[in-house]
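As structure tokens, the structure follows; a few thoughts come after it.
Just so it is clear, A, B, C and D label the chains in written order, and each chain counts residues from 1 on its own.
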Amino acid sequence: MSIRVTVWNEYRHEKKNPKVAEIYPNGMHEAIASHLRKARDLDVRTATLDEKEHGLLESVVKATDVFVWWGHIAHDEVDDKVVERVHEAVLGGTGIVVLHSGHFSKIFKRLMGTSCNLKWREADEREILWVTRPGHPIVRHVDDHFILPREEMYGEYFDIPEPECTFLISSFAGGEVFRSGCTWTRGAGRIVYFRPGHETYPTYHDKNVLQVIENAVRWAAPTPPPKPHTFGNRKMGWTGG
Amino acid sequence: MSIRVTVWNEYRHEKKNPKVAEIYPNGMHEAIASHLRKARDLDVRTATLDEKEHGLLESVVKATDVFVWWGHIAHDEVDDKVVERVHEAVLGGTGIVVLHSGHFSKIFKRLMGTSCNLKWREADEREILWVTRPGHPIVRHVDDHFILPREEMYGEYFDIPEPECTFLISSFAGGEVFRSGCTWTRGAGRIVYFRPGHETYPTYHDKNVLQVIENAVRWAAPTPPPKPHTFGNRKMGWTGG
Amino acid sequence: MSIRVTVWNEYRHEKKNPKVAEIYPNGMHEAIASHLRKARDLDVRTATLDEKEHGLLESVVKATDVFVWWGHIAHDEVDDKVVERVHEAVLGGTGIVVLHSGHFSKIFKRLMGTSCNLKWREADEREILWVTRPGHPIVRHVDDHFILPREEMYGEYFDIPEPECTFLISSFAGGEVFRSGCTWTRGAGRIVYFRPGHETYPTYHDKNVLQVIENAVRWAAPTPPPKPHTFGNRKMGWTGG
Amino acid sequence: MSIRVTVWNEYRHEKKNPKVAEIYPNGMHEAIASHLRKARDLDVRTATLDEKEHGLLESVVKATDVFVWWGHIAHDEVDDKVVERVHEAVLGGTGIVVLHSGHFSKIFKRLMGTSCNLKWREADEREILWVTRPGHPIVRHVDDHFILPREEMYGEYFDIPEPECTFLISSFAGGEVFRSGCTWTRGAGRIVYFRPGHETYPTYHDKNVLQVIENAVRWAAPTPPPKPHTFGNRKMGWTGG
């Protein structure tokens, strides 16, 4: 049974900024999706902000096992109802892999309960990502570190709840560090945050970055069969014990 | 330097239900506050839903080190602006001790990012609370277990993020279990959930329950001095390193 | 590629106690192994204390992806060298599922760093196991609770490090509670503790218990390919960044 | 009531290496202890490897609330009985702050259950330590980062159990990162690992480093009164519930 992936992208920078369009002529979502489509166990679609209901109709959300989420300049334009829909899906078991500036998306802040704020700098600087949980499925086929020659800097303190697992920590040429790969569980849903991916760099063409996203999608996929947990009032003796 | 505590209570059941009024003639907040006032290191005030801005004016929130929070039938009447104010205070370091049906309060759900749902039953049944983290400051002066002869049942699954520490687990006469004492950190703020306290039982007159609340208040108090963390853009070289 | 499982059992009670022998004529290991053998993705062998090197020769340990471990009256007879061998394997990625009285085994205490002590009682009492992490692969196909009509009681405080995930909590007829399903990571290895299984009850014939063990084995299996992490001295510039 | 601190040091480098002796004429333990002695709430003594039972007689261990531990070239000379004594004390509530090369001490490995291995380099390089848990008592009075101009490099993967809290992450001039400030609980005892302190640098004269050690000692101190948890057999009905 394949994992149904929906790669969601804001898809605005690519339309406005020729520099970005040159790197990602079909949008960052297509760069990611076209990689994922090579995997036989993944069934991949894309959705973007300017589609109807941002491409996240109830039917799409229901048919999604894992979301990949990239947003930046238009977080506020994402409709609260759609955010609520995705939030409920995640609590019910749907996975979500939040990328880069998605740290400030409504859905990520909703799931974290914190400001998700951080330090940042655009200075074409070198990022080294270090594996801090070897053997974790999300770093499969990844060496003990990998390098992105030019990226935006994100620096600590990153205002997130203590991760259940921190699998990557970055250092930047400027000396900052950042928890670049983190996981959490909310309800039955698995959440991954993965840092790299500033729009002006070819990060989503990088072999290691694509490998981590692919691994993260598999790790975040729900355990079948979907079995909604029930809450509420219970009579004495209902347990059968 | 004393810890400034604001005990917040919905204060509705006590006004409407004679049974509750008999147990808590001045409201549950006063039962709790009057215990806390005996401690010389605590500076205690109360606030309730029907006061102006629910008694949580900006000046009050700023002058609070730790909130204690009880709500039940009127969670929806708590103004979103006030919730936002308390939420920001918590991320900045203010502690919060959420009690019993406060699990469904806007502020707790906002901090947790989950539904905070659970199973429940009102059947006058025995609850035993077991210490699962001996040596933790919140269970100071508490034995390895304590008993509440009659309480409402809350049962798992309790839809919360994996606690950073689970210090109490309850069993009920009906056979259910519940993670009754849990802690989390959000931003610089410490959060405690403590289960007991159904309005129709004299739970907030119980010696152990009051001891845990008192301990939890001290544990959740911010580390002085308040030092707001700064985020945002940084130039290369700013670190001085 | 199948998961290579070694079910290790002390195998002493079964030989000495006719009551136990009646329930487990071929030993508890065979009750468990014969269930696991039904799964096409599992390649199952057994090993017992009185075999040479307890059946855990270096060749066996190397050819094992996941251990299942049951011990009780003869923990001290397990050779320290064999414990060290299994410990190193776990840090390198081999999974281990520790059952019931295995809480006091040398290997579990070595991995936990604590006393692993607890309260206990043999009184033929009812245990209810409650799922506290729905959607987790280890509770796949398990309802929100299941019941063992007669088991030994284990009670908190259970002296273990705070689990990374607590997926089951038990209540007993006597009112005690216990964290019955817990996971940790040590090095690249995944560790599961699963409580039930006193030798005088037919627990390892129970459908739910066998399901959890089977799930736990799959969850604890290492992520291929095995890639030993390297430590030690590094020259400036080695990163390539 | 003051906190009784025992600063333990191997005290070998200082005797053999003139360079180290120049920086720490009375040993690293005295550099640390003389700082701690300025605090009125701390009652400080020292102990070193070559004293009788390494200065850790049972009477000393019993009279200690928090250990500070530095070792490097002589970990193996620490007697297993003394390690066992300290280990039991920690499970019973005594705190321990492990410094720098103490990562390879018997007591730290015993508490962690892992190899505690890492990458390293001596190259007089700059370390920046970043606060990743603002508001935590251990980083009180510390800015969002601080710099050590010359230190030994320690690099990930650091083979430790996922910390309960990571309060500092370092970057080094060579590009490596390291989880430099971590906490765990084992039994009733609180454990801190704090990275800096290579013997050939004046690290234990640094204001921020001393501040963190002082904070860590207070954080790791046991909650009074000491109340040993009891385990073992319990009769039905003993709970009183």
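Here is the rule we go by: a residue touches a chain if its C-beta (ideal position, glycine included) is under 8 Å from a C-beta of that chain, and two chains touch if they have at least 3 such contacts.
Predicted model only: the values in this text are computed from it and were never measured.
Novice: Farthest from subunit C in C-alpha centre terms, which chain would that be?
Specialist: Chain centre farthest from subunit C's centre: B.
Novice: When the contacting C-beta pairs are counted for A-D and for A-B, which pair yields the higher total?
Specialist: Contact tally favours A-B.
Novice: So how far apart, in whole Å, are subunit A and subunit B when each is placed at the average of its C-alpha atoms?
Specialist: Taking the mean C-alpha position of each chain, the two centres sit 32 Å apart.
Novice: Could you state the distance in Å from the CA-based centre of subunit A to that of subunit D?
Specialist: Inter-chain centre distance comes to 37 Å.
Novice: Return the residues of subunit C touching two or more other chains; collapse runs of consecutive numbers into ranges.
Specialist: In subunit C, the residues touching two or more other chains are 126, 128, 133-134, 144, 155, 157, 162, 164-165, 175-176, 185, 187, 229, 239, 241.
Novice: Mind listing the subunit D positions that touch subunit B in their complex?
Specialist: Per the touch definition, subunit D meets subunit B at residues 93, 126, 128, 133-137, 140, 144-145, 147, 164-165, 185, 187-189, 222-224, 227, 229-230, 239-241.
Novice: With touch defined as at the start, can you tell me which subunit C residues reach subunit D in the complex?
Specialist: Listed in rising order, the residues are 91, 110-115, 117-121, 123, 125, 153, 155, 157, 159, 161-162, 164, 173-176, 184-187, 229, 231-237, 239, 241.
Novice: Which subunit D residues qualify as touching subunit A in the complex?
Specialist: Against subunit A, the touching part of subunit D is residues 126, 128, 130-134, 144, 155-158, 162, 164-166, 169-172, 175-177, 179.
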